[in-house]
Structures are given as structure tokens and as C-alpha cells.
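Common to both upcoming complexes is chain A, partnered first by chain B, then by chain C.
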Partner chain A sequence: MQLLLQSIVNGFVDGFGYVLMAVGLTLVFGIGRVINFAHGELYTLGAFLAVLFIGHQFPYFSTVFIAPILVGLLGIVIERFIIRRVKKPGLSIWAPFLATLALLVILQSLYLIIFGPDPQIVENPYAYDSINMGFLTITGQDLIVSILFFVVVFCLTWFIRKTRYGMAMRAVSQDRDTSLLMGIDIDTIYTLTWFLGVFLAALAGVLVTPKSTVDPYIGRMPLLKGLSIVIVGGLGSVEGAVVTGICLGLIESLASIYISPSFKDGWGYLLVILVLLFRPRGLLGRTVRRG
Partner chain B sequence: MGQRKRVDIAILCCLTLITFAIPWAVKSSFYIHILIMSAINAVLAIGLNLCMGFIGEKSLGHAAFYGIGAYTTAVLSVHFGLSGPLNLLAALFVTLVCALIIGIPSLRLRGPYFAIVTLGFVLILQLLVLNGGAFTGGPMGLPGIKRLTLPNILTGRPFTLSTDIQYYYAAVVCFWLAMIVSIVSINSRVGRAWLAIRENLDLAESVGISAFRYKLAAFLMGAGLAGLAGALYTHYTAFVSPRIVDTWINVLLAAMVIVGGEGTLLGPVVGAVVLTALPEALRFAEGYRMLLFGVILLIVIMFAPQGIVGLAADFAKRRRRG
Partner chain C sequence: MKKVRVLCLALFVLCSFGTARAAEPVKIGVIAPLTGSQANLGTGVVNGIKSAAKRINDEGGINGSPVELVIYDDRNSPDEGVSAAHRLIYEDKVKLILGSIGSSVTAAVQQLTMRERAFLVTPVSMAPKLTQVGDKYFFRVTATAAMRQKVFTGFVVHALKPKTIAYLAANDDLGRSEVESAEETYASIKGPKTVYKSFYDPAETSFTAYLTKIKSLNPDALFIVGDSVHAAVIMKQAKAMGIKSTILSSGEAGTAQFLKLAGNAAKGMYLSLDWSPVFTDPASKKFLDAYILDYGKAPDTKFAVQGWEAMWITAEAVRKAKGMSNPDKLREAFLATNWTGPRGKWTFRENGDPAGVTTFVVVVKDNKFVKVSG
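Right after this comes the complex of A and B.
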């Protein structure tokens, strides 16, 4: 019973991290129409900045906000100077995808040059505190992840549903050309979307990595899991990503205890394949227009 | 069209001469190794191009078939002591069966869904291989694979491929097999159906083309070629490790097809040779090697997104117009 409860809690916390990755990916895909393969590297950059800042005696809570904002600014640079250039009409819709792939290689080798291949630790003052409820232990880091997760998802939902910019983002995701005709500044929306998506990836990096270590290659698994969640949840669907991400965290946590720990990273894709066999548009996905 | 066809045939003749004559010009075993890897990668890229370039569905799971071919051969060689042509046939057969199992559900999907689902199969395969224990060698891989033994038709005695030059010729034969499969299918009814599906799937289906069957055909052809390439690679290196089914290889293969020029006959070949040789050519940069590789890749995508062959074709067209 205790094991079950503990693994459910762990599953939820893992799931929150996956959701942050997946929401960023799904925003960039739903609105920008780009599968961002460099998303995992931006997650890694968030983690490395956290190592750097906390190493220079920055308080943890300001790091949690400053590092993702800095990475988000890099996202804006990527969108303005690379993605926009390869998104010309008449070119393959896969050119932006390949550009993000090249970025993956570039960023990963830069980390290797700057930070070296050895695993580093995000020193976090709250990692060793824990709340013990007799049958259940929650670490301080898990609590921070959970609280920030709810704050961020609430703010994001409010932003997308209620503000003018959020409405514009939804409009662009539905129909780019009509939005343009309605006077929406599409370029600004793309930039904003990339900032938000990349911000979320880096936030996931800052929040999740204190539980493990940071090296230049940690971005791969979060990317692959993020992609599988995005597909199961329905490409472009934020609600789908939230639900699926938490489910995936729970499934992984429970399956690695009750079935097999070595297959932990495969469940996401097994789920993808099963869901897509029966519901090719994802669990909460709408019909996505081609092109 | 007539002139273009003549140019194509001229290029193919030159390519035949070059591929078979190279061992006389190149003596360094390091260069021969790069050439063998280029040929194997070209087989993979040609197979992937059938699906990516001619049907327009981007598969990110092509390395799965490479890995299945390689591991089938390795397991047969290490656990059952086989090293003959049966290995190649078994690799081909197992790969095709797996391609059917993977292709039938995933080819019903389109666009990004298809791309990511096929990527998922590679991830699952990699986990299976890593957790396969003594059967697959786990993370350490399977060493001690036998060299390929082929029956000699002239003397009747078996003949073992042992030198790099012999493997180079084996890789070239495999490469031309892929080229012939590609040329024949593109210029047949099948190839025309593929183009119709790529340009407009709904229209193609409405005139009676069974899109699913033709897609599956391209997928299977590509997979079979990849399985053969995997078997050859395993016999050549005498070792196989889970790195062969790494997601990175898929990405590199997709990059080869796009950098070379997707949907063209020679594009994947050019892409495979360039992207195999480039990391080696950049060795002088040491720690900055992959950085330079990434930057060059990015520049090609930003300034020549139609690929090298596409760029050359555009250039030729512009010159002809005057």
C-alpha cells in the first residue's frame, strides 16, 4: 500500500515534468507548425544555467525564473533568425524540422565544449528537506515542482484562453491565412509562441534536474517522451498534453515497480502505438489540417 | 525530357565506373573504410528516399530495419554459427516481416504522426536490444561475428570475404542493387503511383490507386534494403552494438536524404557520401568537430533547402534557359 501510494506520488511529479516539456512542444507545433527537435537541448540549457547560477550563489527561486527567461530569449533568436528563414513558401515543410535537428547538434556540441562531459549537480537547498506523513514521503523538490507546475499551467491556460495574445495564438493555430486577414501580426505570435515553448522546456530542465545530474546528453529522453505525449494527446492540444503527460508519469512509475524497471522509457511509445491504432488523432486531438 | 534522360544515363555510367574503379586509385585502408560506410549509408538513404522522397511520408524509423538486419545476422552468427548467404536471406526475411508488422499500423497515419510513431519503434527496439541479456549482448553488444562466406560459383568452394577491398566490392554490389531497385520501381507503374500519392493522396485514391498498398510497397522495399545493409555492416565490422539502433542514426539518415535532395535518384547517394565523409574530414577540428558539422548542416538547410542535387538541377535549368 505504501509502495503504491509512493509510486503514485512519484509518478505525478515525473508527469508534471513531462507535461512542461510536452506543452512547449505542442505549442510550437500547433501554432508554429514546427516539430522542434532542439527542445531537449533547451531543457538541458535550462539545467546548465541553473548549475551556473546556483554555483554563483544565486538564490534558487530567482534561478527558477531567470534561467528559463534567458533560454526563452534564445528561443526568440532561433525563431527570428533560423526558423523564419527556412519557412518560406514553396520549400519543404520539413526544412524547419531539419534546421532544429542541426540546432540539436550545434547546441549539444557547444555544451560539451563549455561544460564538459562530466555529470554536474544542481545544488538545491530544498532537495534534502522532506515532509514525512508516516506512510508517505514528499521531498521539498517534489513539492516545489508540483506547486510551480500548477501555477504555470494555470497562468498558461489563463493566458491562452483570456488574453488578446492568447486568442490570437489560438486563431493562428486554427487558420493562419484567415488570422492574417483579420489583422493579426503573425510574426509576433510565432515569436511569442517560441518564447513560451522554450521557456517551458527550460523550466522543466531547472525543476527536474535537481533530482538527478546534468550532462550534455540529458536532453534526449525528455524530448522523446515529450514527442510521444504530444502525439497521444493530439498535436497542438495543450489539454491533451497535460492529461497524457501526467498519465505517462503514472504509468511509468507503476510499471517500473510492478512490471519491469528496465523498460521504463519504452512505455511512452508503446502507449503512442496503441492509442494511434485506435484513435489516430490522439486522445483529445482535433482534426489537424494538412500543410 | 530526352536530353535529361541522356544526362541521367551518362551520370549513371560514370558512377558505375567510379564505384568499381576506386580500389585502384585509393590505397589507404582508412579511405576504403569511409567508402564502405558511404556505400552502406547510401543503401540506407536510397531505401529511405523511396518512402520520404517518393511518397512524401517522412519515416524517422529507418534505422530500426538496419538494426534488425544487423542483429539477425549477429545472433545467427554468434549463437548458431552461421556465416553464409543464409545469414543475408534471414536478415532480409526478418526485416521484411518486422516491416510488415510496423508498417501496417503506422502507414495509416500521415505527416508528423507517422514520423514520430516510426521514431518510437526505434526507441522500443533499442530498449529490447539493451535488455536482451546474453541473446543480444545487452549494452556491450555482440562481438566475434564471423566473416561473410559466399559460395564461389566458378570453383564450387566456399569463399570468405576477409579484406576491406572485398567488403568494398560487396558494399558496391549492395549499393547497385539498391540503385536498380530504385530506378526500376521509379520508372514503372509503381513509381507513377507513388508520385500521384505524394502530390495528392485523395485524388490518387479517387482514381483507383490503393494508396496504402503502394505506400507499404515502398516501405517494405526500403526496409529490405536496410536489412541487407545491416547484415553486410555486421559481417564487415564483426561487431554489433545498440548504437546501431540509436535515434541519432535515424536523424542522420533523414538528414542525408534531405541534404542530398529528396525525391531525386542521386540525392540520397550524394547526401550519404557527403554526410559520411564530412565528420571524418572535420577531424582536424578535434573538439569542435560536431559543432562545425552542425553549423555546416544548418547552412545547407538555410541556403539550399532543396538539397545538393536539387540545387545542381536548378543551376542546370537556369543555364539552359540562358
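Right after this comes the complex of A and C.
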């Protein structure tokens, strides 16, 4: 019973991290129509900035906000100066995808030059304090991840549902051309979307990595998990990403305990195959209209 | 491009060590991973070899001939290792190779050196099979997993007296052989009973699932096999989850990097260690002084010491055999080795394994390794 509860808690916390990655990816895909292969590298950048800031005596809580905002600004730069330039009529529709792939390699090499190959640690004073409730242990970091997760998801939902910009984002994701005719400034919406998506990736990096280490290659797994979740949850569906991400965390955690820990990273791909076979739109997906 | 790089490397080595050109140099090949995931280990070994070669040459070389190193990168890949060995044997006409790090690479290189009756001296590879293939010209300047476990398990059973033990090890050659030999020895000396055993993927970053299970079983001891980074992350996560077991670990975690990454979480952990920069015996001091003079700081890992010792032992054997022209004479010289290095006194068995090499048991105290036996 204790083991079951603990694995469920672990699963939720892992799932929250996955969701942050997946929501960013799915926003950028649903609205910008680009799969950002460099998403994992922006997660890594968030983590590296956290190492840097905390190394310079910044408190962890301000780092949690400042680092993702800075990375989010980089997201704006990427959208304005790279993605927008390769997303032109006449250029291949694959150009933006290739651009993000190139960005992945470039960023990884830059990290190697700037931060070096040795693994580093995000020194978070709360990471290894734990709350022991007799049968259940929750680390300080798990608590921070959980609280911030709910805050961020709440704010994001409110933003998308209730604000004018959120409405515009939904409109663009549904029909780009009509939105344009309705007078929505599509370029601003793209920029905003990239900022949000990249902000979430970096936030995941800052929140998840205090439990492990940071090196230039850590972005691969979060990207792959994020992509699987986006496919299973339905391309472009924020709700799908939230539900699937948490489910994946739970499945991985429970299966590691009760089936085999060695297959942990396999479940996501298994889900992808099953969903592609039986429900290609994704669990909560809708048909993507090409506009 | 790679050729150019290797050429530059060789050239650099030639320039730095080829100062005394009076006598025909003694050419020694070196194969180690200098790039890729094992680069920090390979660089450590090569740095140790270079420091030793420099001291040997400063002291007049081997019977008046300077040591000349020809160094190639194997990127921890058996294919690259074999092609490096090809170049060393057929192009550079080398008769003795120091290398490599990964046992699979060394085993692949051994196929070639055995056929060509060339010597292969490994400073690091621990796989038992290397000395079981009947290679007369193979020597291992390191203790195997079984040898180290014998010392460590003895200490654990007598001093810590755990009744149950859990194993968490990397799913690679080293992890599997360490756990296997530990389990075997414990079984033979009525040691702790195994309650959990799991192997993690070396690319893993979160160990929560394994540790949750281990915590629920609450074993007296937890034995971890992993490199510095994995061991540090496991220690931190275990501490955070409130695991109370005594933590034991293999020597791979015995590095400065591990102490830095693990911080307070490593307190009270026991390791079996071949060598650590905290050792202060005369041989360790001589090595450390030389290393710090050459590279400006103490080595991070024990790998530099392994390279240093392999180079000195080889030089002694070549000196005694008066050159490398007669392989059987050189083999006799290796078998007659009686040399004391930082890790203790070195002598060899007929099969090329070391006889009676020391392993130390250390405990982590105030973020330092402190010897408790050995």
C-alpha cells in the first residue's frame, strides 16, 4: 500500500515535468505549425541558466522565473529571425522543421563550448529536504514542482480561455486565414506562442534538473517524451498533453515498480504505436486542417 | 580530418618527448578514448603515461634510450581500437601497446596483438576473460572486480555486519561483473542475503523508481555500481527519499567529481578504492608531485595513476629485458616485476593478472575519502 502510494506520487511529479515539455511543444505546433526539435535544448538552457544563477547566489525562487523568461526571450528571437524567415511561400514546408533541427545541433555544440562536457548540479537548497509523512516521502523539490505546475497550468488556461490574446491564439490554431481576415495580428500571435512554449520548456528544465545533473546532452529524453505525449494526446491539443503527460508519468512509475524498471522509457513509444494504429488523431485530438 | 588530428597529436607527443635523440628511442604505442563519453577517463590514463614517460626520460631513459609514445584515440569503440592497433603495429612498428580503457576495446585489440606476438599492457580493463585466452604477452596493471570484491566484502561482513543487501548497478560489463562477484563472495562467506537487484540503463537520470522499491524493502546495505555522476545522483536521491541503508560503492565513484556532485549526501558511504589523491605514502607523493608539476592540479580520478604505473612497470621490464626484440625475454622480465607504485607492490601471475595488489576501503567523512583499512 505504501509502495503503491509512493509510486503514484512519484508518477504525478514525473508527469508534471512531462506536461510542461509537451504543452510547449503542442502550442508551438498547434498555432505555429512547426515541430520544434530544439525544444529539448531550450529545456537544457533553462537548466544551465539555473546552474549559473544559483552559482552566483541568486535565490532559487527568483531563478525559477528569471531563467525561463530569458530563455523565452530567446524563443522570440528564434521565431522572429529564423522560423519566420524560412516559413515563406516558395520555400519547402519542411524548412522550419529543418531549421529547428539545425538549431538543436548548434545549441548543443554551443553548450559544450560554453559550459563544458562535465555534468553540473543545480544547487537547490530545498531539493533534498523531504517531508516524511510516515508512509509517504515527498521531497521539497517534488512539492515545488507540484505547486508551480498547478499555478502555471491555471494561469495558462485562464490566459487561453479568457484573454483577447488567448482567444486570438485559439482562433489562429483553428483557422489561420480567417483569423487574418478578422484582423488578428498573426505575427504577434506567433511570437507570443513561441515565447510561451519556450518559457514552459525552460521552466521544466529549471524544475526537473535539480533531481539529477545538467550536461549539454540532457535535452534528448525530455524532447522524445514530449513528442510522444503530443502525438498520443493529439497534435495541438493542450488538454490532451496535460492528461497524457500525467498518465505517462503514472504508467512509467507504476510499471517500474510492478513490472520492470528497465522498460521505463519504452512505455511512451508503446503508447505512440498503439495510438497511431487505433486512433491516429490522438486521444483528445481533432483533425488538423491544412490552411 | 581524423587522420590529421591523430597526426598532430602524434607530432605533439614526438616534440614533447623526443628531446634526447642520442640513442634509438623505445617506441611505445598508447590506445585510449580521448574523445566521446569515456574521454575524461582516457585523458586521465594518457596524462599519467605522459608524466611517467617524461620522468623516465629525465632519468636517462631505458638503458640510455628515450621513451617515445605514439598515442591514438579509440573513442571507446572496438573498431577504432583495432584500427589504431593496426596502425601502431604495421605502420609505426610498435612492439608494445598500453591500452585500452573499455574491456571490449582491449579484447578486440588483443585479437591482433596476440596474432602478431606484440605486447598488450592494459592499465584499466578489468574483464576476467582478458587473462583467460592464453595470451602470453598480455599484462593487466589493475585488480579485477573479483580481487577488489574479496577485500571489500571481507570488510563489509566483519565490520558492518549487514543481514540484507540490495544491488543497483549500471547495465554494462563493469556493473554486471561487480555485482556478480560481490554476490558470489557474499554467498561463500555467509554474508548478507540479496533482497533486490536491478541494473539501470547508463543513460538514466532519475532513479526514483528503483529507490522507492529499495526503500520499501529497507535492506541493511545498498551496493551501488556506477560512474561518479550516476553514483552522485543516486546518493542524492536516496538521501532525499530517506533511505537508511548503509551505502556501499565500487571504486568508480572514488573521484573528486563525485564528492563535489554528491556533497553532503555522500556522508558515511563506504567505497573500495584502488587509489585516491588523498593518499600520502612516498610513491603516491612522487606521482602527485609529478602530476601537479605537469598539469597544474591533482588528478580527478584514479585513472592517471593507472597510466603512470603501467608506464613505469613497462619501462622496468624493458630495461631488464634489454629491449623489446625478444618477446619471451620481455615476458620473463614482466613476470619478475617487483615495483612499488602508489597503489602498492606489483608482482604478476603467469596469466598476466597482478598477484596481491592492494585495495583500500574508505569512508566518506567531511566530504573527503578517509582510509579505514588496507
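Keep in mind that, in the parts below, the second predicted complex is superposed on the first by the 289 of 291 C-alpha atoms of A that agree within 3 Å, B and C clash if a C-alpha of one lies under 4 Å from a C-alpha of the other, contacts with A are read in each partner's own complex, and residues count from 1 in each chain.
We take it that a residue touches a chain if its C-beta (ideal position, glycine included) is under 8 Å from a C-beta of that chain, and two chains touch if they have at least 3 such contacts.
Everything numeric here is computed off the predicted structure, so don't read it as measured data.
J.: Determine, for the superposed arrangement built on chain A, whether chain B and chain C clash or fit.
T.: Fit - chain B and chain C, as placed by superposing on chain A, sit side by side.
J.: Determine, under the contact definition given at the top, whether A:180 touches first (chain B), second (chain C), both, or neither.
T.: A:180 sits against neither chain B nor chain C.
J.: Just checking: does A:262 make contact with chain B only, chain C only, both, or neither of them? Give me first, second, both or neither.
T.: A:262: touches chain B and chain C.
J.: I want to verify the contact counts: of chain B and chain C, which reaches more residues of chain A?
T.: More residues of chain A are touched by B.
J.: Touching A:10, do we find chain B (first), chain C (second), both, or neither?
T.: In the superposition, A:10 touches chain C alone.
J.: After superposition on the shared chain, which partner residues are touched by A:227: those of chain B (first), chain C (second), both, or neither?
T.: The first partner, chain B, only.
J.: Of the partners chain B and chain C, which touch A:211 in the superposed model: first, second, both, neither?
T.: Second partner only.
J.: Looking at A:119 after the superposition, I want to know if it touches chain B, chain C, both of them or none. Which is it: first, second, both, neither?
T.: second
J.: Which partner chains sit in contact with A:136 here, chain B, chain C, both or neither? Use first/second/both/neither.
T.: Neither partner.
J.: With both complexes overlaid on chain A, what's the closest CA-to-CA approach of chain B to chain C, in Å?
T.: Chain B and chain C, overlaid via chain A, are at closest 5 Å apart by C-alpha.
J.: Of the residues on chain A, which ones does chain B touch that chain C also touches?
T.: 262, 265
J.: Given the complex with chain C, which residues does chain A contribute to the contact?
T.: Listed in rising order, the residues of chain A that touch chain C are 2-3, 6-7, 10, 14, 117-119, 121, 127-130, 132, 137, 139, 141, 211-213, 218, 221, 252-253, 256-257, 261-262, 264-265.
J.: Per the contact definition, I'd like the list of chain A residues that touch chain B in the complex.
T.: Going through chain A, the ones touching chain B are 29, 35, 37, 82, 85-86, 91-92, 94-95, 98-99, 101-106, 108-110, 112-113, 220, 224, 227-228, 230-231, 235, 260, 262-263, 265-266, 268-270, 272-273, 276-277, 280, 290.
J.: For chain C, which residues are in contact with chain A within the complex?
T.: Residue positions touching the partner: 39-40, 171, 198-201, 203-206, 208-210, 212-213, 215-216, 229, 232-233, 236-237, 239-242, 257, 261, 263, 265.
J.: Which part of chain B faces chain A closely enough to touch in the complex?
T.: 58, 105-106, 108-113, 115-117, 119-121, 123-124, 127, 130-131, 247, 251, 254-255, 258, 262, 287-291, 293-295, 297-298, 301-302, 305-306
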